[in-house]
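Take a look at these structures.
What follows is a pair of complexes built around subunit A, which joins subunit B in one and subunit C in the other.
Moving on, here comes the complex of A and B:
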């Protein structure tokens, strides 16, 4: 019984970390209309940044700063934000499709850099030597995982509340206005380029936060953790849950991560042995099919964007196609 | 005659570098009047208003507003100078409520925001009644009124209107143009591009006719409306059977 509970805690921790990442993407795509095809690069910047800044000295790669954990996590978020600021300055004037291609290229370059620049992050062997916070007091077992899950859950709730307030604020309305029509927003004296950059950086800092927590949870990060697959998983979570709706983003993260782990378990248990070699590929096909299927039959996701009628009014659902 | 509030001198502009649509176009907009720009399709009317609005690069010439050079300023920078631009279409945010659309326009109004909002609702009581409705649910005419209301909420001295009657019923088009006329009574200057020439000429004070990206004729709107040659060439008044 404790085994099942332990697994559920492990599952919920990973799903919650991914939910934070999906919330970051939702700010960029769901609220602002920025097609970030390089999600994993900002997630990775947070993970690598946190582990390099918070880890012990390791021969052969940068690190050993041993910062107090919250500072290391903030440093990882800042690394993601800095990268987003540079990438955003260069790419945010591009149209949706070109922005997606450009940011996807950034993610591929990031993975290649991490894989090849051994002096920076250990290359293919990854970053090691990170001591999880409070490990000495709580050990490595179930109690620690439960503690870490609570921490991640609290951060998820805080991120959700921050974004809900942001979206309901005048700045949030401005983001939606820019998503809808940049020219009209400019005609009202708004500077879409600056506001898009702010949203891109803020969303990427949240992606970096998720990456930092992910790296902390596993006390390790390598180029295998920043493959494009993760970008598509996070996108699938947002599309299925409902772009533009923070609850949808969290729901999508749990649903897709559940489907991913369940399909992996089912394939390994029930598929013929020679097919099990292709379990990973089958899962990718499933994720792709889910994205295509949702875009065809329910493009607004399971929990569509809600329109806040007024600060005192009741929310009403947006009509499909708007 | 009062000094023009806006002047364009020899403006050359277009969508693609080295391929100008407008060539050496000049105009002057007097204060608190409607200045109309008309011309056949492809004459460069919308290009001119977009160049003035900072949406297209000006490769030659100068645009001044109240004596200050505003050539090359971005649209959002022009708002701070007192110039509002109402695009032809997609000029409101359909997924937001009417009130939220207006709040966006009022965001920099500070302590003036409540008074400005009240002023806008006085002028557009239909919008006040529906302020919690989604803007996308409005009729075409009401959307144009909302777009104009949003422009007014920025307290402009000059409004650039790009074909505000496009796609509207004749009655709605008439209402929108008459409202533009009413705004001049409040001291607002209007630079208006219109395809609905006969209606617009009745309301405008001064008119510029463009063709092939150049100035052709300009003068008081009433004179141009009654000018037989102008009517035949530019206003479609040629009689059937005439050669």
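Moving on, here comes the complex of A and C:
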């Protein structure tokens, strides 16, 4: 029984970390309409940043700063934000698909750099030598995992509340205004490029936070963790849950991660051995079909965006509202 | 150095062919189609199957056209594959992109294209297996052009280059000399105005997919001749051909041609200073440089 329970804790921890990432993407795509094709790069920057800053000294690659854990995590988030700032600065003034292509390129280049640059982050062997915070006090067992889950859950709730506030604030209204009609927003004296850049960087910092927690959870990160697969998974979570709805984002994260885990388990359990090699292919086809299918039949997701009228006008105006 | 330059030109020939179709789609349908590179793999594998069929039905065609490793049956297979891949592109548009286009916004199409890329790539992997395939098992010997500096080139590569340039020239004639070429440009400029003037929008979109798919098929086969066929080749090609369109300017066919060669040459020249492991990052660096100094590419125009 304790086995099942400890697995559930493990599952919920991973799903909650991914939910934080989906929330970050939701700010970019759901609320602002920015296409991030390289989710995994910002997630990875958070993970690598946290582990390099917070780890013990390693022969052969950068690291060993041994920073106090929260500082290391903040450093990882800053790394993700910095990367987003540079990419955003170059692309957000242009036609929207430039951002999609450039972010996709960032993900390719990031994985490529991490795989090849041994001096930077250990190359294909990954970053080791990270001590999980409070390990001395809590040990390595179930208690630690439970503690870690609670911390992740609290961070998820905090992120959710922060984003709900942000979206309900004048800034959030501005984001939606830009998403819906950029010209109109500009005519009101707003600067869409700057606001979009802010939203893009904020979303990426949240992606970096999720990545940092992921790295902490495994106390290890390697190029295998920053493959494009993760980008597709996080997208599927957002599209299924409902872009623009933070609760939908969290719901989608748990649903898709559950389905992914279950399909992987079922394929490894019931598929013939010689087909097992193709488990990955089958899962990719499934996730691709989920994305395409949702866009075709229910583009708003299971929990669609709730549009709010933030300033109530005369009754007839309200009926005309969205 | 000269060898790298030469290899770059040869790489550029198939990147350009891939980029032409992509830039047309991005211009007319206004979305970054991340599944375009999968049309290259689709075309390459369709040609592989057709090659086997044709040489089975007509064994006299399965003779190598010396000094090339290319056979007559493969050339027929390429032509069949161009048609079939073009039709597949059309079918994918009908089944998926058209519906998403009618339902959602432009960026939903980008999501959908990523999903389609995953599906196509992995279906190919399921059908043909994950190990590489080749059109010809024979070793193609390189011809030594010069001994000092040592410059080697395979006859197949020269064929690829000439065939690619010929195709581009034919496309140039179509675009600049026919009514169809004018209507294509009109639709790209202003779809509504083009329709008012009697251009059939649906038919133009169909033509774009047919041309894009057909050229993608050739590009895929040429990639397969130069390297090998693997189901994940689309994943490795998608960034270089996007880089080619951005360097050339989105929507410009001539820009895509030039961009393809620039990306190919840059990736090969980079081997002089960077370890080969970094080659996949070169297209991205090129995108960054272009965005910094000339955001709309060499021949692109500013358009929201």
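What to note about this one:
Rule of thumb we're sticking to: the second predicted complex is superposed on the first by the 309 of 322 C-alpha atoms of A that agree within 3 Å, B and C clash if a C-alpha of one lies under 4 Å from a C-alpha of the other, contacts with A are read in each partner's own complex, and residues count from 1 in each chain.
Basically, contacts are C-beta pairs under 8 Å (C-beta built on N, C-alpha and C of every residue); 3 or more make two chains touch, one makes a residue touch a chain.
All figures in this text were calculated on a predicted structure; none of them were measured in a lab.
Once the two complexes are laid over each other on the shared chain, residue contacts for A:180 go to subunit B alone; subunit C is not touched. Looking at the shared chain after the overlay, A:170 reaches subunit B, while subunit C stays out of its contact range.
Counting residues of subunit A touched by each partner, subunit B versus subunit C, the larger count belongs to C. After overlaying the two complexes on the shared chain, residue contacts for A:191 are found with subunit B alone; subunit C is out of touch. Once both structures are placed on chain A, no subunit A residue is touched by subunit B and, in the other complex, by subunit C. Looking at the complex, you find that subunit A touches subunit B at residues 170, 173-174, 176-177, 180-181, 183-191, 305, 307, 309-310, 313, 318, 322. Residues of subunit C touching subunit A in their complex: 26, 31-32, 34, 96, 99-100, 103-108, 110-112, 114-119, 121-123, 125-126, 130, 235, 238-239, 242-243, 246, 250, 275, 277-278, 280-281, 283-285, 287-288, 291-292, 295-296, 303-304. Chain contact summary for the complex, subunit A toward subunit C: residues 29, 33, 35, 37, 90-91, 93-98, 100-102, 104-106, 108-109, 112-113, 115-116, 228, 232, 235, 239, 277-278, 280-282, 284-285, 287-292, 295-296, 299. On subunit B, the positions that touch subunit A within their shared complex are 53-55, 74-76, 78-80, 84-87, 90-97, 99-100, 103-105, 107-108, 131-132, 134, 136, 147, 150-151, 154.
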